[in-house]
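Below you'll find the structure, written out as structure tokens, and then a few comments.
Read from first to last, the chains carry the letters A, B, C, D and E; within each, the first residue is number 1.
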Amino acid sequence: MNNILNQIGIENYIFLSVILFSIGVFGVLYRRNAIIVFMSIEIMLNAVNLLFVAFSTYHQDAEGQVFVFFSMAVAAAEVAVGLAILVSIFRNLGSITIDNLKNLKG
Amino acid sequence: MIHIPDFANATAVQIIFCILAFITLLTAFLTIYSRNPIHSAIYLVICFFSIAGHYLLLNAQFLAIVHIIVYSGAIMILFLFTIMLMNLNEQKEVHKPRITRLGAIVSFCLICLVLIAIFINSKPIVGEYTATGEDYQSIKVLGKILLNEYMVPFEFASILLLVAMIGAVLLSKKEKIEK
Amino acid sequence: MNTLIAIIGLGVLCLLFEIFNFTKAIVPITIVGLLAVLGLTISEYNSTESYYNNMIVVSKFSTTFSSLFIVLTIFLVGLSHNFYEKHQSKISDYIAIKIFLLAGSVAMVSFGNLAMFFLGIEVLSIALYVLAASDRLNLKSNEAGMKYFLMGSFASGIILFGICMIYGAMGSFDVSDISAMSQSAELPIWFPIGIVLVTIGMLFKIAAVPFHFWAPDVYEGSPTMTTALMSTLAKVVAMATLYKLLSVMNADISESFKIVVVVISMASMTIGNIMALRQNNVKRMLAFSGISHAGFMLMTLLSLSTSAGSLLYYASAYALAGIAAFSVIIYVCKNRDNEDIVNFHGLGKNNPLLAAVLTASLLSMAGIPIFAGFFAKLVLFSQTIESGYLVLVIVAVVNSIISVGYYFKLILAMYTKEPNEEKKATPFVIYAVAVVAIVLNIALGLFPSLVLDLLP
Amino acid sequence: MNVSLILIILFVGALVTFLSGDKLASKVALFFGLAAAGCSIVLLNHFNLGENISFISQWITKPNVSFALKADGLSLAMVLLTTILTAIITFSSFGNVYKNAKSFYALILFMSFAMVGTFLASDGLLYYIFWELSLIPIYFITLVWGNGDVEERRKAVVKFFIYTLAGSLFMLVAFVYLYQKAGSFLIEDLYKINLSATEQLWIFLAFFLAYAIKIPLIPFHTWQANVYQKAPTVGTMLLSGIMLKMGLYSIIRWQLPLAPAAAHEYKYIFIAIGLAGVIYGSIVALRQRDLKKLLAYSSLAHVGLIAAGTYTLTLDGLRGAVLQMIAHGFVVVGLFYVAEIIFRRYETRVIAEMGGIRTQTPRFTSMFLILVMASISLPATFNFVGEFTVLYSLSQINIWFAVLGGTTIILGAYYMLRMFQHAMLGETNSKVFADVTINEGITLVVIIAVLLFFGMFPKPILDLITPSLEEILNQINRIN
Amino acid sequence: MNTNLALLLLLAPFLGFLINVFFGKSLGKTVSGIIGTLAVSVSFAVTLYFFSQISASKQAIQIQLFDWIQISNFKVDFGFLLDQLSVLWLLFVTGIGSLIHLYSIRYMHDDEKVHSFFAYLNLFVFFMITLVIGSNLLVMFIGWEGVGLCSYLLIGFWYKNQDFNDAAKKAFIMNRIGDLGLLVGIFIVGMLFNTLDFTALKTIFLTGGIEDKVTMISVAAFALFIGACGKSAQIPLYTWLPDAMAGPTPVSALIHAATMVTAGIFMITRMNFLFDITPDVQAIIAVVGAVTALFAATIGLVQNDIKKVLAYSTVSQLGLMFLALGLGAYEVAVFHVITHAFFKACLFLGSGSVIHALGGEQDMRNMGGLKKAMPITFVTMLIASLAISGVPLFSGFFSKDEILLVAFHHNIPLWVIGSVASIMTAFYMFRLMFLTFFKEFRGTVEQKHHLHESPSLITIPLIVLAIFATVGGLISLPGNSWLNEYLTPILPKLANAEHHLGNTEYMLMAIAVIGGIVGIGLAYAKYIKQNSVPSTDAAITGFSKVLYNKYYIDEIYDAIIVKPINVLSVFFRDKVETSLSALVFGFGKVTNEISYQGKKLQTGSIGLYLFAFVIGLCAIVSYLFLAQ
């Protein structure tokens, strides 16, 4: 069984996930809508997951893929908690624009 | 060594990778760019699917399936649910100040360029990628690793989920007001 | 390992108590349980073992730090009873989350595999997100939770990316493997990048400049109980973990990396202290103070092989002082809508004992002798000079001087201003926690060897 | 029997005083103060008999810190000064009623404890700890029981605290640096290390900063006048009578022997700083309106001279400095007490609001005058012995130093007599000035007796301090 | 025995002081006066004993009491040296002291604080004795400063008047300027010879081998001379003495005429061996002395305050003594000290008697014609005036004449200055006499009504002093000087000094006598013949206005020294102190300001926070991996 990376190259996976990760970062900074920000974070995590799998193939080692499971669990947990916080903010504030969260400063 | 896709002599795998990568990046970008949260969510789902495609390309079938189930199935539904619940639509988002956009673009470019520059600068990986030929990513193998070697983290992940669960409950539970 | 299991068991027990409606007894039982766990942990002090494929490594480092975390948790749980009086129905949730948080912390200092580290830090973070936002009707708390969550997830992403790069370089998550390989093979650049990214993620957790911006806002917005937890337990855990990460992976820290550490350390101290000067909100002030202390603790990274003891000592000194200070803050700011210094006016008259405790804890943080804070700084300075960073020490000294400015602002408010309200009753637990914490602090100050000699 | 006993007495005294309640506190404090003074005298006796009354025990292993108290003549002299003055100061406060007296007196004893520790410690870190500890009680004494507007007091006190702390932290760095070289904080071990000239200079400067602020020398004195003015008189007495001696003592004990080459190299500069303080302090004192401030500046002038004496690096300089430290300790306590006595009756410290007191109370006037005369070092007072020796040592370095330092004789007379004239003499004041009470009288008489007795018979003190000073001088001269 | 007696000598006045301080008030005015007088008389008696002993044995008595101050290379004992010089000084200190104490019993009787007056006087005598009998420079210095203190106390005796207090303060400070000089001298002496003991020093000087140290010795001598200037009121440190007249008149007589102000001469005589080898300094001394003599005499010409006239006269006479010292004629200076002590004390006490009679009036323009009312006072003062004017056969004639003689032999200009000063002395003294005692009384009617001769307690000391003023010259007659012989052990040069009287000497004597008579004549012409009375202050013009205002020296000192120091003080207090303070606070302020500005950075915006995060990340990463 040939290593698929011989055809694509690990670098390209790295670049892909770096760009994807950067897009996630961009999203977090660019958007004021909390939900989209969450989504951006998910994109970041997924970029890393993708790289994990690529590395797993690179090393021909399953641990990387196992780690992705944990990463998914973490993502899920984060989203759950994040959305819970978001909901309570929405209840109090009636909006989920993170620019409105500027009471704490100075 | 940088593999620049040579479209003339591209293998199928390479072409698929390029297409998938393009889709991934585009949808990721659109997720962020789209004004309507629901559109964003849908783009994100597509993005996740394309990532699953990458997994499949790398022959990680089980992971691809789990990925789709967890992300597209669970997480995205959670997102959509919340969006619906809050009845958000595009008008709700306030105008972004220019400085914010600028900052975001600067960050994006910086992080992108810095990391890529480092990787380009660094010593390239030489030689063939080894392939042991052993099965390392079938469900069986993964299951063994997960429940043998990684038993403790696996169990500990349950604590993580438990905490998230309690947390979510704690944050949304109405209190009995005790006077 | 046993510690971890016991703690998790205790956490689950807490959840069960609610089902059986034992909420009244939950705090004492938890404390007793934690004491038992503490005993268990201490008994493991001399046994260096690794469990389950090297997932958990019990060492002196892990046992001592775990013990510190447990002690801190005991204090925090002790305070909870009073703090959550009005939330009786949720108390078991709160306690359980704290216990799980403790479990995460213990996992973070005793990991043998990056997966455990990652899960540990996520348990800790998620628990903190929840606790920060836990006063859900309060917009400030919501905001704090949201800010912490967003930035924390962002940092988690960075950490994950870093772990990924390490994995990419090493093909393994096992720290002993990584350590072995980091010495032998010629490494791809991914490994140092991974280390740096993980470090940056951890720097965020300990709130070092320039990753500190969340701290004041989150500290201020969170319920005081949570702030206490964040500024003591969470900060100490993150610092210990960062230390362990760098030392255990044998990441041969390059000179330039050390310079980065020096710069960040200086910046954290300076910015933390200067910003604290003009704060009116005590929690916010302590947040900045915490930033500066993070800067101090970063100095341990410059002499990784020898400074575990001093880190433990500094962490204990700082955390105990923090606990004492926050217990007083909790008492003073109960039923107030903010934690401004005005609330502390005349505390010296109204409640001399608590005023004295707060004074002592602030003096400890400022590094005045006989309090542990002094020795902590001394040992740190000593080590840093030994490793040749005299300039850093001088900056640290200048910062210590600046820090006195704001610590004394609070002390002055307590002793020179007239009280603006009548004396109010003080719950016993507050006294107990405050006094015990500060006595421990002073004891450490008088007998630093007790802690310093625990670790090499 | 060893010197730790004094520390124990004072510390226990502080605790007991705190627990004894507001009514008893002053008496309990006096009891312990006297006990400590008695104990130090007994120990002095033992010391003179040749017994070893030092105490050493390992305290911390890593860093290597010992709980080492070494009693030589110099330390004992300073300890005696501290304990006796503490008793006097405590007694002097009997005329005042303090709220929360138990804390007040406990703090006095605690401060005394810390200062005695500073004088005894022979381990660098222990010394530093005591040094810093002494700062906290005086901070609270000034802050809580001080006088004047709270805001201004707060400003003055915080400045004082931060300023002194700032100085001493650099000293700490110097100690740590030395520790890195020596592997121990014990003074004997620190003496043994060989430092390069540059290292010595920096260490010397770090110590100097700490001491220059504490003493204070110009231009680091700006905290002094305000704090003296705002502090309750007891605090002022503690500060000026004992605490600033800590700095001078430390120059002799720590700064000079630890960086001898730098001391020799730069002594002229530091003598000049000291002398500049003499002249500057005297001139500023001339036109002060507030009695306590005037005394503060006079103190600045005197300690400038003492510091100049220490930096001569001669036996005379050191010996004169120590004598003058003790003498100044007593006289300044006496003078501040006089200010307090006037304040108790007239509720003012502004000199212009006094005057015409002499007619009403000749006895008090006489005692005041004797103190004034001692302060301007009239021969036959203790201060003269010290000042003469110091000036003599300066003249050995350069006769002009003696002339410049000697201006204190003229300017000192000028401002002190001017103050005395406007405070005490002139037409009888319309406000009644009650004669001194027995307590006040006893306090002043004791102080005056000490000043006059040692003015004529300084020999016991000289015999006590000379051997230890010679030893220190050997250290200072070891490179040459 | 000697030790005990010496202690009795010293401590008797001290005991008197203590008794008067502690019990004076309850003892009553007269008793406290008697105790004071007795105390000094005891000292006088002991002095007589020592005098007889020393006259007989010609051996100095050394007494060591205890170690006092220890310096690394020598130690200073507390001890006494009773030799010819000190005993001589003691004689007139305690002798005149006793008389003045006696005088004061009556004179101060109306004052409410008599006991403290006597206490201070006794204390003064105590310190003066210490000064005189101290066996080394430092013990002498105790007395030196101690008499300064007593002078301060006594000048400011009427402390309710702030002007008097100012005068007292001024005296003390001026003295202290001199004292600093003295101290510096002591330092150098100690440094050079490792001892401060007079006897030891003398031995060192006599054995020789000090030539290489002459430069430093000169400096020491000059410094010591500055000390003497301060105490003995020489230019430029003399201004305190006229002001010191603020004190009660007996004080002026005792301290500011007879005893304390001669301390400088005593000291220089004591250290004569040192001054002898420093001719430069001697020259300075001589010039300063001569100039002071003339300068003070000119001021004395126009003063109207009776005590001020006497004060300037004292300064002038002291100047003459310094002239003698500067010329190496110590014995002459000592001689003049003694005669001066008699007649000047007499004059002061006489003026006191006058002032007493006039109820405190001191302005001579309001006196006149007191001759009839106060015959004893008049006669005694007349004798004293004749003596000071150098009229033959009175004591002053011999001593002053010798000074001029010595001056003539050394330096003609100095002799001229001295002679002019003497003529002026005669003039202003008789101006004083004429204005006070002759013609009609110019005071108020009420004063006239009260005019009376003083009681016997006042007149007896006057008479005694007048007698001594007349016959005092006998102790050192030209050609046959008991004094010179007596002082030979102190001043070894005297042994081989020839003292013969030639033509030149007689001629000079004649010139001096004529000068004196001319001065008296001028005064007579102006104040008796022309009947003129000094004009009121406002009417004085021209040079006499300058003289009347004492050459404006006080104003000049004030302008160039006192004012600048005070201005400097205010400047330091208001400007330098505040700016130094502001500098220190400045650090705090700046950090606070940075803090304040920094707060604006913490905007609360997550976007900004994350942006900082990213920038920080990129900075670190690029520094580590790209910058290398």
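As a working rule, contacts are C-beta pairs under 8 Å (C-beta built on N, C-alpha and C of every residue); 3 or more make two chains touch, one makes a residue touch a chain.
The chain lineup, named per UniProt: A = NADH-quinone oxidoreductase subunit K; B = NADH-quinone oxidoreductase subunit J; C = NADH-quinone oxidoreductase subunit N; D = NADH-quinone oxidoreductase subunit M; E = NADH-quinone oxidoreductase subunit L.
No experiment lies behind these values; they were computed from the predicted model shown.
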Mutual neighbours - chains that touch chain C and chain E alike: A, B, D
Going only through chains that touch each other, what is the minimum step count from chain B to chain C? 1
Where centres are the averaged C-alpha coordinates, which chain has the largest centre distance to chain E? B
Please identify which chain has its centre, taken as the mean of its CA atoms, farthest from the centre of chain D. B
I'd like the most central chain, judged by C-alpha centroids against the all-protein C-alpha centroid. D
Give me the two chains with the most inter-chain contact pairs. A-B
Here the gap between chain C and chain D, centre to centre from mean Cα coordinates and rounded to Å, is 42
Separation of the C-alpha centres, chain A versus chain C, in whole Å, is 27
Which integer distance in Å separates the CA centroid of chain D from that of chain E? 37
Would you kindly tell me how far, in whole Å, the mean C-alpha position of chain E lies from that of chain B? 103
For chain D, residues that touch 2 or more chains besides their own: 162
For chain B, which residues are shared contacts with two or more other chains? 100, 103-104, 107, 111, 115, 118-119, 122, 125, 149-150, 153, 157, 160, 163-164, 167-168, 171-172
Junction residues of chain E - those touching two or more other chains: 588, 599, 602, 604, 606-608, 610-611, 614-615, 617, 621, 625
Touching chain combinations (by label order): A-B, A-C, A-E, B-C, B-E, C-D, C-E, D-E
Show me the residue ranges of chain C that touch chain B in the complex, using the header's touch definition. 8, 11, 15, 51-53, 55-56, 86-90, 93-94, 96-97, 100-101, 103-104, 107, 113, 115-116, 119-120, 122-123, 126-127, 129-130, 133-134, 136, 188-189, 193
Once bound in the complex, which stretches of chain C touch chain A? 114-115, 118-119, 122, 126, 129-130, 133, 136-137, 139-140, 142-147, 149-150, 153-154, 156-157, 160-161, 163-164, 167-168, 171-173, 216-218, 220-221, 279, 284
Which of the residues in chain E come into contact with chain B in the complex? 607-608, 610-611, 614-615, 617-618, 621-622, 625-626
Show which residues of chain B lie in contact with chain E when the two form their complex. 100, 103-104, 106-107, 110-111, 114-115, 117-118, 121-122
Using the touch definition from the top, list the residues of chain B that touch chain A in their complex. 1-3, 5, 11, 13-14, 17, 21, 24-25, 28-29, 31-32, 37, 40-41, 44, 47-48, 51, 54-55, 57-60, 62-63, 66-67, 70-71, 74-75, 78-79, 82-83, 85-86, 88, 92-94, 96, 100-101, 103-105, 107-108, 111-112, 115-116, 119, 124-125, 128-134, 136-137, 141-142, 145-146, 149-150, 153, 157, 160-161, 163-165, 167-168, 171-172
